[in-house]
């Protein structure tokens, strides 16, 4: 059961937000709250980050809980870890809200098992574009550092999808670091579930009931993001409405399906669009050509994207890894986020919002039938 | 003498069909006889069934098909029981099977024969709201989809004139004027009576104005008027040509006092009509004039509440027999006494009478033929009335569905199932 | 591949012949390039469903030794079964046959003959291509166990047991309390129309106890049930000693777990305490059968009694169907007890849906009983405030109040539904397979619901339903006969299933289970009805519905749209 944030443990900031979070993790590892911690760590070449499951405390010194980029979506790492069941060890995963939202979706799809996992999140300032980071890692680290330390989180250097993200705080996690609205050098660690509360109790941390400063800042930022989102969607809308616009938008797609392999929600063992079934023989291709006059390769590019869209948009968490993965810079995430916003609204569903909300396609509700009846009627032009 | 493994089922309504299919499944040979030229019973006259508003014909058609295609069920339409001799395990039944004059094997149901027929008749199956030819099916979609010739009106068969218009129109040589009525003897071990019900004759109660004012309809007439396969293809065109009536009064419990019982389903039917009317004419004012609301199933009250909220105004009056329908200009006035005993009036252009369900016309005759008793209301009497029963006063003869008393579809089906259980036990 | 496809076009007299150009269809189909590698035999006939036609078809199939058959004729509703029978007769697997409807879908609805012909050609092409992708499916025959388990030893359960127990069929009757008979055994008399004492029920109780083919387990509950119609494995446990277990094999399970009365303290308008003389109808029945009399807590005879109908009806959202009736019965008890008792019945609507009910009402109406129709009512102890149909507010005080609380599903219904994989409806009672046409069956084949567990019902109704279950089981689960499950079922492709279990949620028949070891969903073919819900919902496309596979549908479409 997810609980409403109404109190938080007060923690004074030492060595920045990252240092503070690391200190907490060291502490809890030492006290035996967890047997391991899943956390981003910079790769040896220093030009990217990877998820590392840490068991020894000293390893944490090289970790960075608030990584400036997403190389692999956190939910993918959790899938690898728990696909075969929860196991016997308690693991904390410190992840961005979008990682957590995707994990929640995957747990409903039985690809992630959250039984032994403690999900820890933080107010996310956004992340940088992968391509920029690889080009100049040190400069990027500096930019991200000053963004994180800044009074107002200026998102102009973050990924476009992060600029329109209004889900940057308090996902359905067990514990949440409230970084916004820091007061007198202290932040709050807020429990989001009973599991989180128990951990705080074990660590003997004291609570503060007043979270108003944080709440105020979060609401302010949400408003800003919502505005940016609305503006962005106005721009996306004409690029995807109608078949011709879709064709234009995806015109340079090279059919690499990287977006699909990076996507945490695309969990099928074999994608239909990679399977033999979707590969027609030459006669059939020629037949199609004869109807249209010409046909371009790779085949079925729009079909792939719309197919993927219809499969996963109800669970899309707008994490943006698809755009990062695209070698030809198609703003895949903007498009999918726009569509996901619409489909999820239709079902009054918000991907990753809570573990209790059932997936819309698995649930039958009587009032939906009535809605459909109305729609059918409208379509028939009756009454 | 060993017991017969066959069963006679009288009446091919939903009850009789259900019982026949079950018995066939248990390996019994079933003779299913039906007095009308089509099977299906009263339920197929409804457009939709309460409370889920499922399309009745769609619901029943697969059952009708099953019956017609079932190897163990021998369907005899236009047939009645003439004589029953013997006892449980060994009844000899004489069936009077009227000639159809159209071959069930050769006819493919193309309907080419109707147009050329020169004789136009009232269609009773359509509550006389439509016409038919002397060669006809009662309604589109009738099963078996093979027409019948009415021998009294057919020019050829009645000897009035030498006419062979239908024979000439038929490409399949399916019409045979020489077919004769038959007497068929069957040997059966048990009999299920599922002859259904009729509706109270509204002309007995002149205060409701039925037969006098064209705007007054019986429930069954309204069902047909509303049905998409009915005489007006579902368009609400009244007898006097009025289209889409602006206000409609549905009067509950007509005939209840006279019959001495509540028919259990009429409230739900009446609310269903209100829903239909609201769907078809959203601006129409619909009144349900009632004395007691009887919605005796776990799912019924919800339907009633929805209808009450969306489709109708409920008008309470404690004494249905005091209601008077009179003419007012081109419309009708319905006068009644309200809860305080004061007279009030509602104006409407259409009145629908929710009539009591009464025993089928043939019940008296059949009870004599079968040697079973009727109860004081005229329905077939069950043996042990202290508790629920489908056994009649004669061993080996069972009654199910509305032939036993008014009830809804599910309770008719339950009795069909119960009677099958009894039949199988008594034939073992 | 040695495919030899027979294609027969029925002229349906003039119905098809005069509306499409049959020779053109034959010419076009025979000349299709794509079918060059297939051997096709294309012929027409005047009327394939006629005796002549059937004989012709039979001989053609035998002579040509077709591998596949396509018939272009009328709606499958009309004659698919006719042609399937011919297939069976000629040993051609019926799943390698397909009927194309060129009458209702072409000839009868398209006035332009060329257009109708064109459409018919497209349809036939689609089906020719489809049949070559169809597989010969075989019917399976499974052994079945004729024995049954009845859950609940009330009147519905008892009658079910009695109507099924025989030399060839054993009945296991379980009851969670220590006594059979349920609530009705506590009644003094049955409903007024039945006008008799409960001897009938006592007689049935005796019959059940003495029947050799009925094994009774008292203080016993269901712990587990797995399997399918004809073959269930059940585990029973003793309610007092949970380690005392019994394993049984049965072919069908009947739920007759009964009802309870609504707890009136949940209702804000009914305020009273244990000390007040306010009783539920069941309490009165018990009092009557124990003391033979209705008395106040003080031991004195009441002089004024109010009977209140429809308690909780509005809140529950349904009418409990039998309360009006039994309230009349209680009024009758009271009237017979003493003519000095002033009896008032407070009701909104009288629901007396049986042909014999009204007679008893009329009798009582002629007696001294005061029938008061109300719009609203409130009680506080033994004080009553009500609004009559004339909209006036009134207040009275009586010595005793008798309430008719709504009937509710028994406490364990939810657990039982989960154990048996059947559904409860929105009222909390068990849900029927089809409310109208299959009212005592559930969505799981072989599991039935009877009596008040299914919805409010009286003794008569319960008995009829019990006999009805008898009818269903006697005709479906016949000792020594095998069961033929659906052939066109779904199957999970192991290579594609990711184990997300979406299919488990959408399967209404409970035919899919999750294999923990392999991490995939598995379809139990004995339960699956081939509805295709799982196939449509599988995000990974890992479920295939036999006879409606993607290649089959795709190939049909491809050819039809060529």
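Labels A, B and C are assigned to the chains in the order they are written; within every chain, residues are numbered from 1.
In this text, a contact is a pair of C-beta atoms (placed from the backbone, for glycine too) under 8 Å apart; a residue touches a chain by one contact, two chains touch by 3 or more.
Note that the coordinates shown come from a computational prediction; the quantities given were computed from them, not determined experimentally.
Which label fits the chain touch graph of this model best, line, ring, star, complete or other?
line
Please identify the chain with the largest separation between its CA centroid and the CA centroid of chain A.
Taking each chain's C-alpha mean as its centre, the farthest from chain A is B.
Using the average of all C-alpha atoms in each chain as its centre, how far is it in Å between chain A and chain B?
Each chain's C-alpha centroid was found; their separation is 62 Å.
Would you kindly tell me how far, in whole Å, the mean C-alpha position of chain C lies from that of chain A?
Roughly 44 Å separates the two chain centres.
Between chain B and chain C, what is the separation of their C-alpha centroids in Å?
24
Of all residues in chain A, which are in touch with two or more distinct other chains?
Residues of chain A touching two or more partner chains: there are none.
Find every residue in chain C that makes contact with two or more other chains and list them.
As it turns out, chain C has no residue touching two or more other chains.
Under the stated contact criterion, what part of chain A meets chain C in this complex?
Against chain C, the touching part of chain A is residues 84, 109-111, 267-270, 272, 277, 284, 287, 311, 358-359, 361-363.
In the complex, go through chain B and note every residue touching chain C.
Result: residues 14, 18, 22-23, 25-27, 49, 51-52, 54, 59, 61, 63, 65, 69, 105-106, 108, 110, 112, 171-172, 256, 260-262, 264, 292-302, 305, 316, 318, 339-341, 375, 377, 379, 385-390, 405-406, 408-411, 413-422, 424-425, 428 of chain B touch chain C.
Okay, in this complex, where on chain C does chain B touch?
So the residues of chain C in touch with chain B come to 12-15, 47, 49-51, 74, 77, 81, 163, 166, 190, 193-196, 200, 313, 317-319, 321, 348-359, 362, 373, 388-391, 425-427, 429, 432, 435-440, 455-456, 459-465, 467-472, 474-476, 478.
Contact residues on chain C for chain A in the complex?
Counting only chain C, the residues touching chain A are 495-502, 505-506, 519, 537, 539-542, 550-551, 558, 562.
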